[in-house]
Every structure is written in structure tokens, then in C-alpha cells.
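Going in written order, the chains are labelled A, B and C, and every chain counts its residues from 1.
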Amino acid sequence: MKHLINPLDFSVEETEELLLLAEDIAKDRSRYSEICHGKKLATLFYEPSTRTRLSFEAAMLNLGGNVLGFASGGDSSASKGESVADTIRVVSCYADIVAMRHPKEGAALVAATHASVPVINAGDGGHQHPTQTLTDLLTIHSLKGHLDNLTIGLCGDLKFGRTVHSLISALVRYPGIKFVLISPEELKVPSYIRKEVLQKNGIEFKETEDLESVMPELDILYMTRVQRERFFNEEDYIRLKDKYILDMNKMALAREDMLVLHPLPRVNEISVEVDNDPRAVYFKQAQFGVYVRMALIMKLLGVELC
Amino acid sequence: MKHLINPLDFSVEETEELLLLAEDIAKDRSRYSEICHGKKLATLFYEPSTRTRLSFEAAMLNLGGNVLGFASGGDSSASKGESVADTIRVVSCYADIVAMRHPKEGAALVAATHASVPVINAGDGGHQHPTQTLTDLLTIHSLKGHLDNLTIGLCGDLKFGRTVHSLISALVRYPGIKFVLISPEELKVPSYIRKEVLQKNGIEFKETEDLESVMPELDILYMTRVQRERFFNEEDYIRLKDKYILDMNKMALAREDMLVLHPLPRVNEISVEVDNDPRAVYFKQAQFGVYVRMALIMKLLGVELC
Amino acid sequence: MKHLINPLDFSVEETEELLLLAEDIAKDRSRYSEICHGKKLATLFYEPSTRTRLSFEAAMLNLGGNVLGFASGGDSSASKGESVADTIRVVSCYADIVAMRHPKEGAALVAATHASVPVINAGDGGHQHPTQTLTDLLTIHSLKGHLDNLTIGLCGDLKFGRTVHSLISALVRYPGIKFVLISPEELKVPSYIRKEVLQKNGIEFKETEDLESVMPELDILYMTRVQRERFFNEEDYIRLKDKYILDMNKMALAREDMLVLHPLPRVNEISVEVDNDPRAVYFKQAQFGVYVRMALIMKLLGVELC
């Protein structure tokens, strides 16, 4: 394994190993603080994504490495007509590992094909965003202690949300997983997820429009943003956007040990009053995102604690 | 003290301590060159300010720390509708200290309220820019040896210049300070500065339109830029912009030990011929800006020489 | 020597010394990995040039130094009307060495005049780009073992291509150099190159429109991009742009040990099928670019291996 392009590029065993490493890092960061000394990460962000980029950069700096790159396409040579294949071959001379964000689906795969250093897909269009999935898995694994035997509610835009699709695909590999899919009719999971991922793997799931009624069943509630740009008309957006807002009234219906996750940025789908509830772990999730990227960089570079 | 949001957040005693630390750093930088090893500064610049951003980054690198961040709002997640409160909570997972520049007044205060790491206000709209004030104080303190018993001329745009207002507010805390306020009628200090800061504290000051006549009295001449965007009409701007240009003829009227400061960037309000005069210390000021930010980062992080 | 502004700022002897240092670095990078510890490079890019900027940053990081700066003019203080002279005086307080890219010819020279640290010209308009020339020289020197007694084909846009003009000017200083200038009539080298550089130095050269016929003579083939923006009308561009495409048919006519160089980015003037030919060294060139910039930074900073 040299690259991370798709969320399922790591097997269950490899994922377990990665998550355990991330948890060991979380326990004692100082032991890892020089392990990538002299190594360089290139962050090639053809479209801006501050959160993801800073998370990668923090991860590499935490390992004692360095960072170079660009934050948006306008600053890059792409405007001179250079292909991703050529750019990655050049950047392979500049860095030991690359994290690439690109608006086009498949760009990271093309990069990996031509790179002579490991490439991490930091998001390619609406397609894949594997380090978000690893972040979600680490958050659940660290705070629940396991990834199996969980009832997971996914709420909001289940049609277009790539983080939701990737998380479902990753979790069906564990025994005892049940999904509760909570969305308006218009934003239900696409049929390929329902058929090819859920039914094909014999996974228990139900679909509902009503968040309140299912709250008591959930171990995990994964909230997502309903993006304005996903709607054909403004009217639909306005009607639906507030329908699945999580507030303290709904939280009162949930279990004591339920966890609320969110890939962020949050707009208003979670009321700020929920932030102080100990079950709200979406800001902790950002911290887990750094740890899992630290583990990932180590794995792909092949560096280990002596 | 965990944040620096307003220029007066530090008391006279704390300011003195900070300036002495900055002067010790200036004397022997190498003793401090690893003191923040493993620490990370995030520079969150929602609007560009190259000079200020690079000064912070140089400061952190000089201390052996690392830097990550963004240089302008277009590169940030702000465009996805995320609040400053959410962004700072996430960035608190990425960095040990934050310097934030934001076009909106009060943004840094909001950030400080939600951050779990120290926040430095690197400018919020036309409101506050406390590290510029600390830079000005360090420049005077280092080159004059004291901050009291000085006659300080402030020249140019005294109405809108926030650095002028902050400097006045900081200096009235020292005994024996006199101000000479030199500006066209249209750009005099606002009445709240005249009443609430100067008169209320019993500070001696005079207002004049004539730079030449007061030159011989001054220990410090603080020049400022007359910004085109401050004027309602172009005509006024053109009439006034050249009225307070400092040249060698005016410098000939000044004391041997007078100092000329300027927050930079300078456009044409100081003739380039003045640059070589030993009393022109505005480029040295940029160097003092790095030292004072080094001291500030150390104080807020709570790191000290063993 | 404190700055590098023009490709000929280094004499033949100084160039030789620089290339030998770069080759020593290439041989054992780890010996140089901390040699600039505590030093800072400022990359001041008033226009974007990702490749060049990242090459400089990789070079400085490889030497154990740090990097700060900006990637495009929009992020800089230039928009506030500050002169390059003032900016460089301030940045001299922030960094130990500067690499500057600017759209205006002569900007780097102005910067060098006012800087108190070494300035490297990383491209000033269509004028000079000396580190590209050093990269080309190192590539040839390392792979051929010498810079004299070579027949060098230059193909494509020889009229506007500054890298071509600089490379010619640098190579005429070595004995036994012959040039084959391959271009459409419209894009031949300007007459000052023909007269002042080639004829004046008694250099053997020929001009041709036909790439194929001269392939067997060449030791080096230096390909360049034919830029759309150089043409007065679209028709001419379309007619000419494909005329000098290097493919495997033409490569079959070349010597076994001919080298193909290209300053990159490549659009379509070299078919991707050529990339795997061992004679295609344009991606290796990017690696040599890092080594030569490492050597350059060391020389200008005056640091040496103990």
C-alpha cells in the first residue's frame, strides 16, 4: 500500500492497525514529535479547503516534518495548462508525500499513477474523501471502544453527502451494524447505496423522515449539512433546511452515551446550545482528524517508532 | 492573561515586562532560538496583511516553532458559512496559539471567547491592532530608554488612524507625556480621544495644522499615511495628501535625537531622502515588531528561558 | 557576490563551483540537511509560479531552514501602494535570504539595491530567470559530465522564450559549443541574440525550420512551449503550435545519448510517450532544480560544511 485514494483502500485489518497507531499517538504525542524529521509533505489544494489542509499540515508538523504547497488553484501552474500527471511528477522531486485536493473526480488516482511518492486523496470533487472517513472511524473507535454492534443514525443530506456514503461503505464491514437513515424524501441515499452496499451485505437498516422518533435507538448520530447548492430551487431549500436541526429538545430523547458527530463545517443544523453537551463530539472529531492523519502519514512513509 | 485583543489588555507593569523580554531577545536572539520548538502558530488572515502576517511568522520561526494558516479570506472555509466561533474551536486542535486578522470589528474577541488556545488580535477592521501599538512602544522604549517624559508629535490622518488612537491611549499611562497633534482640520483626532483619553487624564496636548513650526519641540514624530479611501471626494484627497510630507528641509528643524516612526506602508508622506537620516527609524521599527511578537508569543504560551 | 539577479552574475569559475556543490549535495543530501538550521527564506511571489516557488521552498527545507512568504500579488501589501524598495527593507527584518518573482522587469534589481539580505531573482517579467538557467546547466553538467564541446538544439519559441536566451548566453562562455536553432520563421531568436551573443563570440550556429533533419546531430535537445499569448492571432497559433511536437518517431532519429530538456510546464510539445525514454530528462531536471537552489542558498548565505 503506497497511496490512499479510496476510503476502502485499507482492509479492516489495516484500518484497525492505523486506528490503534492513531490512538497511541493521541496517548503520548511527544514520542512521535520527531519521527518525520527531515520529511516534507506537499499540500496541493486545487480548490480551497482550509480545515482539511490545516489538519494535514498540523499532522505533519506534529511529527517533526515540514510542509509546502498551495492553498487554491489560482496560485498553481494548472492555469498554464499543465496536467496533473506532470505536476505530480515534478512535486515528487520536492516532497516525500503529497495530499491532494482537486475539483475533478479521479484526479487523485491519476496523480497516484504518476507519482514516485505516496499520494493521499484529500477530496476529489463530490467523489471520495477518505481521510474524513478515517477521522469518523477513529472518533467512534476511540470513544466507543469498538466499531461493531452499533446503531448509527445518519441525518440530513444522504443523497449527495459523500462522507455519508463513504462511512456507510466502511462500516458495513463490521458485524452487528444497523443504520437509521434520516432524511427528507428528496435527499434519501441513492439506490446504489441501498442495493449494492446495504442490501447486498445483508445490513439491517431503516429509512425515516422523522429524527425525533428514532433518537432513543441511536448509539451514534451523524449529522450533515444540507447544502444550498444541492437544490434545484430556493423554495425547496428553505422548506427543508431547518427540518433536521438538532437541538436540546431532541437531545433529551437520546441515550446518555449517544455520540453526535458532524464532518463540519456546521451551519445551523446543530444548534449551538448542543455544543456544551458532553455527547457532542464534533469538535473532538477535528482533533481525531489530526491524529489519524499523523498515523496515515507514518504508515505511507513507512516510518515507525524504534 | 491568555489573549491579546485590545492594546490596553496589558497593564503598564505587564507591558514593561514584555518590552524588557523583547529587548533581551534583541540582545541575544540565539538563546531563544529553540524555546518554542514543537509549538505551532496559526495565522488566520481573513483579509491580506502581508507585513503583519510575515512578522508573526518570522517571530514564531525565530523561536524554533512552526507556522500554518491562510493568507486571505478567499482561501478559508468562511465562504461555506462557518462562524468564527466554530473555526477557532477547530483551529484550537491544530495550533498552540493563533494570530487572527479579520475585517469585522470584534471578531478577535469572539474567537478568544471560544478558543482553547491563546488568541492574538492581528487587526479587526478599523478597530484594534494591538501588536502595532506594542511595536511602537518597544521602538520608543528601546531607542529612548523610557516611555515617560516625552513630547510626541502625531502627524497625518489622526481621525481614522487606529494606530494613532491606540498609541495615544497607551502612552497617557506614563508620566510627563505631551502630545502635539498635527493634521488638517478635516482629519483631527475624534472628540472621544480629545475628551475621554486626553482631557480626562489631564494630558498636555496641542493641535496644529503646521508641521514645520512644531518640529523643534518633538522627541518623537509619528507619521501616518493619508489613505485615499478615507476621503469623500477625490478633490479633498489631492489637496491634502501632500500637505504633511516629511522631507529633509523639515528634518533640519528637528532635534538631533528626535525619532521618526511610521507604522508602514509609507506611500509618499515621507520623502525617500529621509530614509538615510539616522533619526528615521521606521524600518528598524519593523525589526522591533518581530522582537515584540516573539516576546508576546512566549508570554501567552507561558514559555520561559530556564 | 551577494545577490543573483542575472544569469551571468556568476562567472564561469563561480558557476563551476556552484555546480560542483550541487552535485555533492545530490550525492549525499543528509550531510547538508541541517546546514541552514535557524535560517529563513522569504519567497515573495508577486505573481504565481508554483513550480519555482515550491522548488525554492523544498531547497530551503532540505537544508534544515524555514520558509515564509506569499504566493501571489493579491495577498501582498503591494495593493496598498508600497514600493518594492520599502517592502524589501521590511522583509530584510523577517528573513535571511529572499527569492522574488515579480511581473515587472528590473524589480529584482531594485530589491537587491535596498535589501540588507541576499536577493535571488526568481523571474522578473519576460526578462530574467537565472535559477532556471542554473538548473539547465546543472542538468547538462551532471548528465554529460561537462558543459563544453556540445551541440545543443533549441526548439520552439526562440523569440520570446527567456530561458532560451539565458541558456545561450550562459553556454557561449564554454569552448566547442554549437547551436542548432529550430523554430518557425515567426519565432526565430531575436537579432540581438544572433549578433551580440552568437556572432560576436564567434559561436557556430545554424537556424532551421525542420526538427527531424537535425535530430541526429544533437547532444542536447532543449524543447520549449509555444505560448498562446505570444501570438497576435489565434490562426497563427493553431497553425504553428503542433509543428514542433517531439514524439517517438523523431526520437528514433536521435543519438543514443542525446538528452531532452524542457523548462516545464509542458503542454503538448512533447508527446507523453516520450516520457519513458531514458533520454527524456525533463522531470529529472526538476530534481536538479532543487539541488542547484540548495547550493545557491548556501553560497549566498555563506554557509559551508565544516
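In this text, contacts are C-beta pairs under 8 Å (C-beta built on N, C-alpha and C of every residue); 3 or more make two chains touch, one makes a residue touch a chain.
Treat the numbers as computed from the prediction; the structure is a model and nothing was measured.
Annotation: the chain A:chain C pair of sequence copies touches via predominantly different residues, less than half of the used numbers being shared. Superposition on CA atoms relates chain A and chain B by a rotation of 120 degrees, given as a multiple of 5. Rounded to whole angstrom units, the spacing between the C-alpha centres of chain A and chain C is 41. Touching two or more other chains at once are residues 71 of chain C.
Of all residues in chain C, only 38, 40, 42, 66, 68-71, 74-77, 79-82, 85-87, 89-91, 93-95 touch chain B in the complex they form.
Against chain A, the residues of chain C that register as touching in their complex are 33, 48-51, 54-55, 57-58, 61-62, 67, 71-72, 264-267, 272, 283, 286-287, 289-290.
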